[in-house]
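One chain, chain A, appears in both complexes that follow, with chain B as partner in the first and chain C in the second.
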Partner chain A sequence: MSQLVTYALPGIPYGCVFALMAVGLVLTYKASGVFNLAFGAQAYLSAMVFYVAVHAGWPKWAAFVVAVVVLGPLVGLVLDRLLFRFTRTAPPLVRLVPALGLLIAIPSITQMIFGIEPKLGPPAVFLNPNMIYFRFAGFPVDGNEIATTVATVVVVGGLALLFRSSGLGLRMRAVVESPRMTELAGIDADRVGAFAWILSSFFAGLAGVLLAPLYAQLSASNFTDLLVAAIAAAAIGGFSSLSLTLAGGIGLGLAQEILSGYLPSGTILSSGLRPALPFIVLAVLLVVVPRFRLGGEVSDPLAACDPPAPSLDPPPRIAVVSRGARIFAIAVAGALVGSALSWVSGNWLFTITQGLVFAVIFLSITLLTGMSGQISLCQATFAGVGAFAAGQLASHFGMSVLGGMVIGGLLASAVGILVAYPARRLGGIALGLVTLAFALLMDNVIFPYSWAGNGASGLVVPRPRLGPISFGGGGAFFWLALFVLGVAGGAVWLIRSGTTGQELAAMRGSEVAAATIGIDVRRLRVVAFALSAAIAGVGGALYGSLQQTVSPNDFAYELSLVFVVVVATVGVRTVSGAIEAGLAFTVLQQIITSLPTRYGSLLAVVFGLAALSYVRHPEGVVAYGKRVVLDMAEKLVVALERGGSSHGSATGSGRDDGTATGTMEPDLAVGP
Partner chain B sequence: MSTSRALMALLAVVVVAAGMAACGNVTTTTSTAGNTDGVFPHKIVLGGLASLTGPLPADFAPAFAGVRAYLDMVNAEGGVNGRRLDFAYPLDDQSSPTVDASQARALVDQYHVFAVVGVATPSFSGASFLASHDVPTFGYDVNPNSQWLAGPSLFGSTGSYTDFTAPQLQAVYLAEKHHVKSAAVLAYDISESQQGCEGVVNGFHRYGIPIAVEDMSIPAPATNLYSDVARMRAAGVGMVVSCLDVGGNVLLSDTMHQEGMSGVTQLWFDGYDQRDLEQFPVAMDGVYFLLQQVPFEVAKLDPGVYPGMDEFVSMLQRYEPGSLPSVAALAGWTSAALFVKGLRLIGHDVTRTRLVAALNRITDFTADGVMPPVDWRTGHDRVNGPTNCSAFVQVQGDRFVPVYGTPPSVLSCFPVPPPAKGPIARVVPLPAGVPPLGTRGSSQAGEPTTTKSATARPSDARAVSGA
Partner chain C sequence: MNASRAQAGPELAGLLVLEHVSAVYGPYRALFDVSFTVPAGSAVALVGSNGAGKSTVARVVSGLVKASGGRVLFAGRDITRWPAWRVARAGLSHAPEGRSVFATLSVEENLVLTFRQAVGRRGVADALERAYQAFPRLQERHKQLAGTLSGGEQRMLSLAKVLAVPQKLLVVDELSLGLAPVVVDEVFGALQAIRANGTALLVVEQHMDRVLALADRVVVLSKGRVVYTGSPEGAAALATTLVPPAGDDGTSRGGPGADAGDAGELGSSGLGEVSSPSV
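Coming up: the complex of A and B.
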């Protein structure tokens, strides 16, 4: 028994670390309906400002005031005013993408401002982290542990009091339930929402400053790595109960410490189960607990009062504009292919080929998210499955990578089914979190095995050969990538135009409505994951062959988040959007390498900030830009025609299909 | 999807799969095109590839400082055969495998460099491309995925092959010195960290040192190691080997001190850095580190004994005044030194092919005595032996102090492969080419001597801990 206590006690302060982060997540979710995945990034920002101020000679109290009391709430206010105020009644994806963008952008902006030099020895604000203040059943309690535990308990207690006993807390809960109904009761929902963001951002700053001294070096990853355990703790609290969240955090901390004490060392149990525990808990809770299933999402009962959102699909164009756009697109594509194979240097050909390969992987997001509205945060993991399958088959059985690509796609598809089947009842954020837990599980537990991703050693994935044709050279591989992209794009286009595509579109529009017309939504979700994972798997195998060596680092879970942000930003609904996203991702990355190293993370900033536009332009900024240009072109053509007509000549241009009402622009749009 | 369409799709997959079954993969071939790229009458254009940005730039970026310091020194002496060495394209791979591969191509296809000097990255994806184009490439071989073995034109700073799983005798030797009866081995739940300690575990098993606590699944980054330390205390552990990063190591040491385990021998693989020591002097006091180089401290403690190290420290200070000596900077320095040595060997007729061939005939490269010798005739092979040399340093007060060398050298060498049975790790005579004392230069007559086995470098654990 005493041994159990010895093992368990360290889990309490450890669990409080999870709980402090989790409470921040729950607060934002309860008060604004946004699952703020950027909470850890906000914490990092405040911790960095505190560090820099203290190292500049400021008194700790002054640094604390600036970093936590001023900066934290200010960030919250800005986020609410500019961003999340407009997402309260928006679909889950619209609430998630900007948070992902912030998660990616804030640490990069922070590094650009404060430099990339290591920030060693983050200072503590309250108590000496190296001093043992007392012992509890033999367990030494230092300043960090006291500060974290006390702050967590005070925060949870204070918030519970706020929500249960104060008018403001009641109004905050009401705003989450229904901003419209709250406003009908004379409450300023915007103001209440802003307060919630200010409060939660203050807690993010507090968490940042309190948790930073736990580590020898200040790093954004320290905070983001805690996020999954924090999400699991928040799930234990049902994303609403603060006290259960606290209990969940401490419970996870205890379980991890006890497991480390009792599991036999050097076995799969100790090396696999312990690190996987938070992911397993999160996935099981989300899948098993009924409240997380469809309908558990925060939604406004009066949402139906809103007029329907304007269609994101390209409007019908007059024939001359439509044809012009088509010719322009073909000319750009032709110029790109021609340039790639003629005058550009070998490294740019490689970069463009990388763009095509990423476009294949991004098509999996087009299918899953753009067509069916499902959120997946593990697309890079599916790509990894394909790449590792191709690599293992090539190295152990001498199989051609082309064959490995097919098998890798099929294997990834099977893995997709494995993920989607238990989660088939889930939707929105809950589904996204299950996929995130799965990605982390694969990263931490499966990919390191020699039979999978072979850990840090990775795998060699050779270039393929087809009879006498070798794809070893850059030009030949470019053609292969273009061919695979064509096949994958064509498949997505065919799926979209077939029955499955129509069903997916119906599911995206409304799962309830889709179910009422006889569509088996659960089965369809599994099908969507299977198809999407297959495409990602093929793309991953192609990526492996292009790079020639791959390791789990190539498919780390963070990349899945970046992929969603990039595709959603550029255009998630069209095949052309995926291609543009792939090319933008690699070409911009290459351009940024020529900037001073301080701007090395500029790509994350660009896409992260661009993702904030998703609230206003869910079709993607590039798609929106194209739409604006075509609108202008159409107006110009109409004006010219009118001018011509007034002089007695008619051009006879009509809608693309020759009818008065017109048809949808024949871009490769996948939405109905 | 209708049934007929689904069948068509299935048929197409089967046909494609059948067709592909008849296909194969491309075997790597080497191209000698661009053999004299970057070579001009009065200069040679060089490139570099390092992780200047990303999660851990401090562990890799200093490599360029080492390269620049060495090349500036050579240029100040008039260059090599009348040619200045122009380190014109030091590129950043952003710690990304995707960018690394494209930057390697940029160096060759766009900037037309003659050689790549000072590769320092956790993901050397560009290795196979550089090898296939026979581009002489030199750098910091921290990559456990054998990328440095992609071809004979790739030269890792201490040889191109590292076997992390081979029984590590240095830890056993340290255990023997301290009469350790049982030991603990700690690593993160990250494969790079685990691999770093795999050789230690194998070594302890082979020589019968019981491992009382083996925790290779610590969640990174560590925030509390009390339960591990409590188990270590309960088991009466006499030594702990840590493959954690410096943050985890400091936490481990602090917790051990709190639990009255100050007398336990600690061997860390991350933290050999003066800045870390200045930041955490109490936690690091008494800790041992294992190096694959002559310690920097010999320049102060024994000036003139290791002229190569004296030169490194002084030139780094002169040409890169903002840089402190570090393992990465020394890797950059030795990379440049190997390149220049090869260049001098081939004379005026500078081609990649001639340079690579000349380098691969060198039998005892030590960069003027700063590291154990590398025999480049076998340096690209997956072989070990006959010896593996390292230096031990211990933190004593506010400085690192070399210990346990085999006089008159600071290096200790062990047989590779280790004897299957018998007494614990045996120190063997220094192989030929080990830093000669009091003289400059490293060439000594003798038989080919070293390749190396698993001696995890100090930054290995750190390099992966935040990834």
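Coming up: the complex of A and C.
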């Protein structure tokens, strides 16, 4: 018993910080329907500002006021005003992608501003973290434990009072269901939303500065792990009850420390299970508790006030324009392949080959998210399974990577089924969280084993041979990558135009409607994951063979988030979008490596901020750009034709190209 | 005709005045130059076939959809650019089409949310009592989630708010949609009671017979334009000539907006109801 308490006591600060974060998370989720994955990043930002200010010789109270009381809420207000206010009634993916973008961008921006050198010994806000202040029933209680407990009790108590006296909780719940109906009750929904963001971002900032002194160094990854725990605590509270969330956070903090106390120290299990525990709890809760299953989500009855969403399918084009676009695309692709093999340096050939390999992995997201509307945050893990399988087969059985790629794909597919089967009833954000939990578990617990990813030392994945042909050289491997991409792209294209693709499209449109025409949505979800994971596995094996050595670091769980952001930003709906995303990803990375090291994470900033455009352009910025250019070309052609002959003959285009509001014919007027 | 009415004395007669209002949903235009007036304490019926723009008028009035042209005056003030919450605070209550209650809140929470705003924290208890007096059924179910109420009970809940705390104007959109005839009687009874409290009514309906009995004045919309303003008797007489035969009314061609927003209305074949009284 006394040993249990000894193990549990250091868990109190963690538990309190988890609880603070989780309460903030639930606040924004309740008020804006956004699952703010950027919360950990916001905590990191406040902790960093506090650190820098204290080291610059500011008094601690002043640093605290600037970092937590001013900056924290300000960030929340800005995010609400500029971004999340517009996503309140949007589908889950539109609410998730910008948050993911911020999760990636904010830490990188923070590092660019405050430098990348390690920030050692983060200061405590008050009380000396290492001093024993008193003994509780014989157990020593240090400054951290007192500080976090006091802060949590004061802040959460204040929140409870505020809720009771102002009716704010009721208003928040009303806004989540329907902002417009809340306005009809005379309540300014924007103000309720903004207030929730300010309040919750204050919680994030406070949690950030309280958490920082628990680690020897201020690093962004500690805060991402913190977010993970907070999500689990929020799930314990059913994403709505603040008191249960609080209890869940503290409970998780204690459980983590007790667990790591009793597990044999120094093993992968004890060092890996501790960070993965919250997400195991989360995954089990989401899968087992029926309340979290999708379908219970209430839609806004006033959604019809929005203008109809523009169609994502390309509009019919004038024959000249579509033929021109096709010729142009082929010319660009040809020029790219030609220059890759002729005049570019070996470095750039590698970069372009890498882009093709990433394009294969990204195709798995095209299939799963673009075609079927499922959110997966573990695609990098599937790729890792493929890569490690190929590496293990090559080193143990001397198997060629070409065979390893096929087996790796099959194995990844099996793993995909393993994840999707228990989660087959989940959709939307819940599914995304389960896959994130899985990625974290694999990353921390499975991949470090020597029979899997072999920890930090990694695995050798040789370049393959096919009879007399060796793919060892850069040019030969380029052709291999192009071939695999062609096969994978062709497969996705065939799936899309086949029955399965139509069923997947139906599932994306509406799961209920799909079920009414006889589609087994749960089975289909598993099928989609199996297909997608297979593609990712093949891509992962190819990536391994390109790099020649791979370690679990190459497939860390954060990478899955980056993948989703990159593909969603560039274009998630089309095969060409995946290829453009792959090339953009590696080419930009190559350009950025030539910049000073301070800007090493500029890529994350670029894509993170670009992801914010997803709210307006869910078809992807590149796809949107193409459409704008084609629209212009079409107008030009029509104008030329009209100028050429007196009988305007824009017969190829079946649509009215004047989208200005005044030009609609009255008989097309809609709205009851 | 409408314009001359509005000019006759907008400040005196018009609690709600629409002047040359137009509205759009993205590229689709829903209203063209709509003008009419709701005098204080009166009941005006807004009728027309599917897709005529009735609900859009209701949304423009309450600020949910912004007018792309023209002006909306309420109680002498220009509310055209006001956000919906400000319009609501000025005394204009809008019960939207379909589900008009918060499904995830309990019955009592639905009432408290509105009352706290309308009469302040102190007045909530009295207002609740008045609401429950009007509809004892709501008191029996005050802890139940509003989404689990029957369609009729949900309408009662919307109306109870206005009965307990009278507003200047109540805009109701397709209140009788999907209800059994007995329940429709009850709903229209409640509307009469609300009117007796001094609240003016703007009633969007497809049940012509019911609404003609209630209204002092009728505005008929067709394809986004006002085609008739006048007495209920005149509207009934005109109905056949105004409404085109089935299959030629825009719904058959319907734009994407019609599909997205109004599945329920399309299913109810309201057109027959509009033309039936005149037969």
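Here is the rule we go by: the second predicted complex is superposed on the first by the 610 of 672 C-alpha atoms of A that agree within 3 Å, B and C clash if a C-alpha of one lies under 4 Å from a C-alpha of the other, contacts with A are read in each partner's own complex, and residues count from 1 in each chain.
In this text, a contact is a pair of C-beta atoms (placed from the backbone, for glycine too) under 8 Å apart; a residue touches a chain by one contact, two chains touch by 3 or more.
Everything quoted here is computed from the prediction, not taken from an experiment.
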**Request:** Considering only touches as defined above, state whether A:Ile187 meets chain B (first), chain C (second), both or neither.
**Result:** second
**Prompt:** Who does A:Gln502 touch here: chain B (first), chain C (second), both, or neither?
**Reply:** neither
**Message:** Under the stated touch criterion, which partner chain does A:Ala174 make contact with: chain B (first), chain C (second), both, or neither?
**Reply:** second
**Request:** Considering only the touch criterion stated at the top, classify A:Asn128 as touching first (chain B), second (chain C), both, or neither.
**Result:** neither
**Message:** Taking the superposition on A as described, I'd like to know which of chain B and chain C A:Asp225 touches: first, second, both or neither.
**Reply:** first
**Request:** Figure out whether A:Ser241 sits in contact with chain B (first) or chain C (second), or with both, or with neither.
**Result:** neither
**Request:** Determine, for the superposed model, which of the two partners chain B and chain C contacts more residues of chain A.
**Result:** B
**Item:** Touching residues on chain A, where the partner in the complex is chain C
**Value:** 167, 170-171, 173-174, 176-178, 180-189, 298, 301-308, 310-311, 659-662, 664, 666-672
**Request:** Enumerate the contact residues on chain C facing chain A in the complex.
**Result:** 23-32, 50-56, 59, 62-65, 68, 83-85, 88-89, 93-94, 96-100, 102-105, 109, 112-114, 116-118, 121, 147, 174, 223-225, 250, 253-258, 260-262, 265
**Message:** Taking the touch rule as given, give the residues of chain A at its contact with chain B in the complex, in rising order.
**Reply:** 6-7, 9-10, 13-14, 17, 116-118, 120-121, 130, 132, 139-140, 142, 145, 214-217, 219, 221-222, 225, 256-257, 260-261, 265-266, 270-272, 274-275, 345-348, 350-351, 354, 394, 398-403, 405-407, 444, 448, 454-458, 460, 462-467, 470-472, 491, 494-495, 498-500, 546-554, 556, 586, 589-590, 592-593, 597, 600-601
**Message:** Help me check something: in the complex, which residues belonging to chain B touch chain A?
**Reply:** 1-2, 5, 9, 13, 16-17, 20-29, 52-55, 57-58, 61, 91-94, 96-99, 101-103, 105-110, 122-123, 125, 127-129, 144-147, 189-192, 194-195, 201, 211, 213-221, 223-224, 226-228, 230-231, 245-248, 250-251, 254-255, 258-259, 275-276, 279-280, 282, 464, 466-467
